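Take a look at the structures listed below.
In the two assemblies presented below, chain A is common to both, partnered first by chain B and then by chain C.
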Partner chain A sequence: MESWIEFGRGPLFRIAFSLMLLGLARIFALTVLGLVEAYGRSSDKIVNWREVRNQTIAWLFPMNRLWRKRPVYSTISFFFHLGLLLVPLFLAAHVLLWKRAAGFAWPALPQRLSNYLALVAIVAGLGLFSGRFLYPAARKLSRRQDLAWPLLLVLPFITGYVCSNLAIRPTTYDAMMLVHVYSANLIMLLIPFTKIAHCVLAPLSQIVTAMAWKFPAGAGDRVAATLGHADRPTWVKNSRMVQAAPADEVSAK
Partner chain B sequence: MNRVRRLKFVLWSLLGLAASVAVPRFLFGLGASTNLSDANPWGVWIGFDVMAGVALAAGGFIVTATVYIFKLDRFHAVVRPAVLTAFLGYAAVAISLLFDLGLPWNIWHMMVFWNPHSPLFEVGWCVMLYLAVLALEFFPVPAEDFPRLAKVRAVLVKARLPLVILGIGLSTLHQSSLGSLFLIMPYRLHPLWYSPILPLLFLVSAIALGISMVIFESHVTAYLYRRQPESEVLASFAGASRWVLLIYLAVRFGDLLVRHQAGQLLAFDWRAAIFWFEVAAMAIVPIALFWTSRVRQSRAGQWATASLVVFGVVLNRIDVGGVAHLRPDGAFYLPAWTEIAISVGVVSAAVLAFLFMVERFRVWERRPADPEQDPLKLPEFDAVDDTWLGVPGIAARTTYSMAFIIAAAFGFGFLHVEAAETRGLEPIPVHQARGGRDILWIDGNLDGFGVTFKHVEHEKREGAKQSCVKCHHMNLPRDEGTACSRCHGDMYLPSDSFRHDWHASPSGGRVACYQCHARGQARTAATAVACDKCHKDLVPAGAAIKVKQYRAVAYTEAMHRLCIGCHVKKAKENKKPEMTRCDWCHKDKRQVIDSREIVLRRRGLTGINVVLPPPDAGGK
Partner chain C sequence: MEPLSTEERRKAFASAKKPDIVRKQRLPVRYHVEDFDVTDRPRRFLQAFAAILKHTNYRVALDHYVRVSAKCARCSVKCQVYLATGDERDVPCHRSELLLSVYRRHFTVSGVLRARVLGDAGLTDDKIQEMAESFYNCTACRRCYFECPMGVDHGLITHLGRYILSEIGIVPRALAVSVREQLLGATGNTSAVPVPALIDTLEFLSEEIKDGIGVDVSFPVDRQGAEYLFLPAVSDFLMEAETLMGNATVFHATGDSWTIGTGYFDGINYGLFYSDQILEHVVKKIQVEAQRLGVRKILIGECGHASRSAKYFYPAFCGGKDALPVINIMEYTHQAWKEGRLKLKAGAIAERVTYHDPCNIARPGWIVEQPRELLKAICGDYVEMTPNRRDNICCGGGGGTVSIDEIQPYRTLVGGKAKADQIRATGAKYCVAPCANCKKQLRELVAEHGIDCQIVGLHDLLYKAIVFG
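The block that comes next holds the complex of A and B.
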C-alpha cells in the first residue's frame, strides 16, 4: 500500500497536476482563439465591452445576483468554493509537501482554520449534492457529471480530515491516505475536461455570451443539426425546458 | 482520420513529450536530464540531430545546383520541396544545438570570439550562413501569397543565382568539415571509421544522401497526400545516386586498403559487424538495386532503396559521432529516453512545419487539397460550454492540442525524480567505512580515493573508552558507536537522519501521527515531540556535538568538520602544522578495487577519469 501511495504522490501526481495545468491552459487558449475567430467572422463588430466587463466582474461574486432568487443555494455554493480553493492550496501539510519537493512554499493557513474550512466544504458539498438529487426539477436538469462532481470533490476532503484529525492506527491512516491521494489525482485529471474547467473559463463566460449574438446567420440551425434535432425549430423559447423528455438525450449529445 | 491527420496527431504527441523533457533540461541542466557526462559529452543529439541532420538536408544544395547551375529544367518540380527540407533540416540542427550546448545562451560567441583553427568554428559559421541563405532562397515561395512582399520577392528572385552559388559553397565546406571534426581523435575513433580523408567521405555520402532524401520525401508525401510523385525525375535521380554511391564505396574501401586497415573488416567483433551492416545498407545493396532498371522505375523500388540509403548514411553519422568511439573501460553511454524524446521532438516539429508549408503555400506545382476539409462534416462544439464558434482556422486543433498536452503530462510524470526535482546534484549513497576496529578505510562513494583512519590509535590517544563521545555523538536505538554513514547517508547532500516515513509506516515504526504530533496543530517538525522522549539512549552522555535537527550534513562535510576541527587544535598544541594539510590524511594511494564497481558507483561524479593500476601494483 505504501508503494501505491508513493506512486500516487510521485509520478501520478506529476502527470495529473501537469495535465490539469496544461489542460486548463489549452481550454482557455482554444476558447480565446474561438472567440477571436468568431469576432473576425461576424458582420457586426459592435460589442459593448464596458457592459461585458461589468457583467464579468459582477458574476465573479454570485452572491450579488443569485442572492435574490436562490439565497440558500448561492450561500452554500459560495462556502463550498471557499473551502475547495483555500484548503488544498493553503493547508500547512500541503505547503510543506511543496516545500520539500519543489523547494518553494507560501504561507499556510492556521491548522484550526483549515479544519473548519474542510468541514464547511464537506457539509456544503453534500448539501449541493442532495439539493441536486432531491429536487425533481434540478435532477431533470442535471447531467451525470453534475451529480458525480460534488461527491468526488468531497472525497479527498473527508479522507484528508480523518487523516489529519482523528486518532487512527497507521494501517487505517494508510488506507485513508491512499483514497485521499488517488481521488485528488482523479479530480486533477478530470478538471480540464469537464465542467470544472469553469475555474479558468469563468472570466470568459460573458464574452462568449456577447459573441454569441454575433454568430453568422443560421448558426442555431447547425447546432440543432449536430444535436440531432434538425426537425425541431430553434426559436422555441427554452426548448430544453418545454420538452423535458429528451433532456437526457440533449445532455448526452 | 486520414493519413495526414493521423501523422500529425502522432507528431504533436511526440512534440508534447519533447516539451516536457525540455523543461528540466533548461531548468536543471544536462547532468540532471540526460546520460551525458564529462567523459561522454557528445551523445545522440550530436550523432543524430547535428551530424545526420546536416547530411539529411544535403538535398537542398544538390537540387539547386542541378536546376540553376546545370540548367536541367526538368528537375524543377523538386526544387521547392528540396529547399524547404534543407531549410527546416538546418533549423532543426540549430535548435538541437541549443539543447546540446551546456550554456545555450552563449551560442553567439562563435560570431565574436573567433577561433579560425577549429573545424567546429567553420562548421558553426557555415551552418549559420547557409541557414540564412536557405531562408532567402525559400522566401519567394511564401511571398507569392502576399502581394505586399512583391518587391522583396523580385529582388530575391533576381539574386537567386548568387545565392545558389553561395549555398553550394557553404554546403560543401561544412558537409566535409563535419568529418574534419573527427580528425582530431585518431585514437578514439575506431580504425574502420577513422580516416584522414573523412571529410571527403562525408561530402560524397552527403551527396548520395541528399539525392536519396529527395526521392524518399517525394514518395512519403505522395503517400500522405495521395498525389503523384515525380516518378520520372526521381528515376533520373536514382540513376545518378548509384554512381555517387559507387564512387563512395570505392573511396571507402580504397582508403581502408591504403591505410592497411582492411584486416579489421574480417575481425570478429560487433564493430566490424556494424561496419558491414552500415556499408551494406548505405551503399552495397542500394547500388545493386538501383542498377536494376525495374527497381529504378517502380515507385516501391525507389522508395525502398532511398530509405535504405537514408538509414545507412544516418547510421554512418551516428557511428562516427559516437558508436564507433573507443572508450576507456567502463565509460559506457546509452542515451536516456529524455535525449531520444528531444531528438524525435525536434524532427517532429520540422515535419509539422513542412506539412504546414506544403498545405499553405505553393511548394509543389499543385497545392494538395486540404486534407482536413470535409464538406459533410458537422460543426464542432466547445467541449465545455457547448457553444459553436465556427470552423477553426487550424482544423483539428482541438485534437492536436489534446495529443500534445497528454503526451507532455505523461512526460512530466515519468521523468526521473532527479530530473524533475533535483537542484543540481545527484544523490550518491555513502557506504560504511570498511575494516576492523583498529584501522578503517573511509571511502564513502567507493571511488578508490579514501582515507585510512587509525581508529584504535585515535581512541587510545584521546583517552580510551571515554573518547568515544568525542566523535560518536548519536547512536541508533540500542547501539553504541554507530557508524557515521548511518545518518550522514549522502556524499555531497544533506540527508534525513530521522526518516519520518519509516516511523509512520505500518511496516516500519508503526507510530500513529498523534503519538508525536499534538492534536489541532499543523503537523510540522516544530510541533512534534522531541526524539529523546522515546529514545532515551539516542544521545550518549557527554557527546561533544549537539544535534539540533533531523537533517544530517553531507558525509564529506561531516568528516571534514570533525577531523579538521580537532587537527587544527592538535597542530597548535603539538606544534605540528603539517597535521592540518590535506595530504596528512589523503595519501593519494589508489586502492585497487573492482573497476566496474567504481564506474557504477561513480555515476554523477563526473570529470574524474580514474585510471587504475594493475591489481598487483596496488598500494605502491
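The block that comes next holds the complex of A and C.
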C-alpha cells in the first residue's frame, strides 16, 4: 500500500497538478482570446472599466455583500472556501513535501489553525451538501456534479484530518492516506472540466458579460443572411411560414 | 412576500388562447403568436443558434457561463417572479440552464462527445416549448445578475433565448405587430401615429400649457441644426400629455434648442427585448433622422428601455466613439437645474411622493440620483421604496411583457406582486415612474391591487414646480 501512496504523491501528483495547471491555463487563455475577439468585433469600444473592476473585486472579496441575502448559506460558503484555499496550500506537512520535492517552500500555517480550518471545511462542505436538499430553489437546480463536489472536496479533508490528528493503527492510517492522496489527485484532474474552474475564471466574469452586451454592427443582418431569409426578415408578416432555405454553411454539431 | 393564493394562481396562469391554435402551433404559451412553420423546430432552432453564435459575441459569455455556473440559487432571492410563484422553474439560474444546456450539448466538444457516448438525442420540441414559456415569464430586469457570485447575466440569456426563438417565428404577436409598423408601416412608429396627428397633438399640448400656466411654450418640429433631437416613447404622445408638457416647459425655461422630427419620433425599440437585428434597424432610424436634421445630441424621453437601447446601442451601431452622444431628458433637466438655468419651487408638491427606478436606466447605475435630487427639491414629503436604486424591484412589466395584453393577469398578480407591496408600504399619493412601460404596468397594478396611488412621470410633477423669470 505504501508504494501506492508514494506513487500517488509522487509521479501521479506531478501529472495531476500539471494537468490541472495546463487545463486551467487553457480555459483562461481561451476566455481571454474570446474577449479580445469580441472587443475587436464590436464598434462600440466604450467599456465601463470602473464598474467592471468594482464588481469583480466586490465578488472576489465578497465580505461586504455576501451576508445581505441568505446569510446562513453565505457564511457556510465563505468558510468553506477559506478552508479549501488555505489548508491544502499552507498546511505544514504539505509545505514540507514541497520543500523536499522542489527545494523551495513558503511559510506554513500553525498546525492548530490548520486543524480548525480543516474541521470548518468539513462541516461547511457537508452543510453545503445538505443545503442542496433543504433549500427548495436549489433542489431542482442541482446537477450531479453539484451534489458530488461538496462530498468529493471534503474527502481529502476528512482523511487528512484523521491521519494527522487521531491515533489510529498503521494499516488504517495507510488506507486513509491512500484515499487522501488519490481523492486530492482526482480533484485536481477534474477541476478544469467542471464548475470548479471558477477558481481561475471568476475574475473574468464581469468583463465577459460586459463584452457579450457589445453587439457587433450588422450581425443581425448577417444572421438572417446565413439562415437564408435576408430578404424576409423576422418583422415581415408570416415570414416563417415559408420554410427557410437550407443553411448549408451553418449546421449544429 | 405572501405566496399566491390558489385563486390568484389560477387567474394569473389562465390562458385565453383557443385550444385549436395551441394544437396547430404546438405552443402552449399564454401569449399570442402569429402562425409560423412548426415543422422540424429543433433543427431550425439549432441552425438559428449556430448562426447567431457565428456572427455575435454571445459565445464568449456562454462558454464562460457553462464553465462557471455553480447553481447556488442565490439568484432566487432577487427574482420577483420566483418570490411570487415559489416555482423552482422560475429560479433565474434554472431558466438560464434551459438554454445553457442546449449550448453545452450541441455547441461544445465535451457535450457532443458525451452525447455520443451516452446516446443523448439532443434538443426536443418540448424543450423549445418550455423555453418559449419561460423566457417570457422573465421580465429581463437583471436584478439577479447582481446577486450572482459567478457573474452570470440571466437577463442576457433571456435576451438571447428570445432572439433565437424569434428567428424561428416564436415571438409575441403584440411585439411583432408593433415592430412591423415601425420598420415597414406608413407611420414608421410602434403606435402608428401619423404625422398630422402628431402635429395636432403638439398644438393641443401648447394650448393646454397656455391655459394651465399662461406661458407660450412651443414644441419645435423639424428644426434644422437644433442641439437636441427629442425621442420619447411614441405612446407618450397618446397617453402622457403632462409628461410632454413638462418636457417642453423645461426647454422653454432653459432656452436650449430642441426639436421633434417628423421623419422619426419614436424612442421605443422592442429589439432590446428579442432581436439584435431589430434593435439595430430601429437604432439606425434615429441616426437617419439625426443626420437629416443635423442635430448634435440624441435626447430620449422618460422611458427606460428606449433610453438604454439608444445609450448603449447607438454607439454600437452608429459609429462607435464618433457617434452622437445620447442623453436622457432627466439627465438634461437635472443638469440645467444644477447650473441654475432652471428654477424650481421648493415644496410645490405637498402630497407624499415616491420614486420607482426603471430597471433599464437604474441597473447600470446611470440614472439613479438625478431624479431623486429633483424630486427632493420640489416635494414636501418624499419617501423611498425599499429596496431602491440599483437594487430596485422590476414593475413586473419589463422586457416588453407590458405590451402583451393577454398576459395582463400574470403581470399584475405574479410579475408585479412585489412592486405592489412596495408601493402600498410607502403610502405615497404619487409614484413617479419615468418610463412608458413602467407607467402602464404600474397603473394596471395599483388598479388590480386597490392601491390609492397615482402613477406619474417625473416631468408631470416638475411641470407644476417650474418658476419663470
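Definition applied: the second predicted complex is superposed on the first by the 212 of 253 C-alpha atoms of A that agree within 3 Å, B and C clash if a C-alpha of one lies under 4 Å from a C-alpha of the other, contacts with A are read in each partner's own complex, and residues count from 1 in each chain.
Keep in mind that, in the parts below, a residue touches a chain if its C-beta (ideal position, glycine included) is under 8 Å from a C-beta of that chain, and two chains touch if they have at least 3 such contacts.
What you see is a predicted model, and the numbers here were worked out from it, not measured in a lab.
Novice: Please indicate which partner A:77 is in contact with in the superposed arrangement: first for chain B, second for chain C, both, or neither.
Specialist: So A:77 only meets chain C here.
Novice: Looking at A:169, would you say it contacts chain B, chain C, both, or neither? Reply first, second, both or neither.
Specialist: In the superposition, A:169 contacts chain B only.
Novice: Which of the two partners, first being chain B and second being chain C, lies in contact with A:45: first, second, both, or neither?
Specialist: A:45 contacts chain C only, not chain B.
Novice: Please work out whether A:213 is in contact with chain B alone, chain C alone, both, or neither, and reply first, second, both or neither.
Specialist: After superposition on chain A, A:213 lies in contact with chain C alone.
Novice: Looking at A:12 after the superposition, I want to know if it touches chain B, chain C, both of them or none. Which is it: first, second, both, neither?
Specialist: Touch status of A:12: first partner only.
Novice: With the two structures laid over each other on chain A, which partner does A:102 touch: chain B (first), chain C (second), both, or neither?
Specialist: first
Novice: Output the chain A positions appearing in both contact lists, the one against chain B and the one against chain C.
Specialist: The answer is residues 27, 30-31, 34-35, 37-38, 41, 193, 195, 197-198, 201, 205, 208, 211-212, 215-216, 219, 222-223, 226, 253 of chain A.
Novice: How about chain A: which of its residues touch chain B in the complex?
Specialist: 1-2, 10-12, 14-16, 18-19, 22-23, 25-27, 29-31, 33-35, 37-38, 41, 92-93, 96, 101-103, 108, 110-112, 115, 163-165, 167-171, 173-174, 193-195, 197-198, 201, 205, 208, 211-212, 215-216, 219, 222-223, 225-226, 253
Novice: What residues of chain B sit close enough to touch chain A in their complex?
Specialist: 20, 378-379, 381-390, 392-393, 397-398, 401-402, 404-406, 408-410, 412-415, 417, 420-421, 423, 501, 504-507, 510-514, 519-524
Novice: In the complex formed with chain C, which residues of chain A make contact?
Specialist: 27, 30-31, 34-35, 37-38, 41-46, 48, 51, 55, 59, 62, 69-70, 73, 77, 135-143, 146, 193, 195, 197-198, 201-202, 204-206, 208-209, 211-224, 226-227, 233-244, 247, 250-253
Novice: Can you tell me which positions in chain C touch chain A when the two form their complex?
Specialist: 34-37, 39, 43-44, 46-52, 54-61, 63-64, 67-74, 76-78, 82, 86, 88-89, 91, 93-94, 97, 106-107, 110, 112, 145, 147, 149-153, 156, 166-169, 171, 176, 179-180, 183-184, 275-281, 312-313, 315-317, 319-321, 364-365
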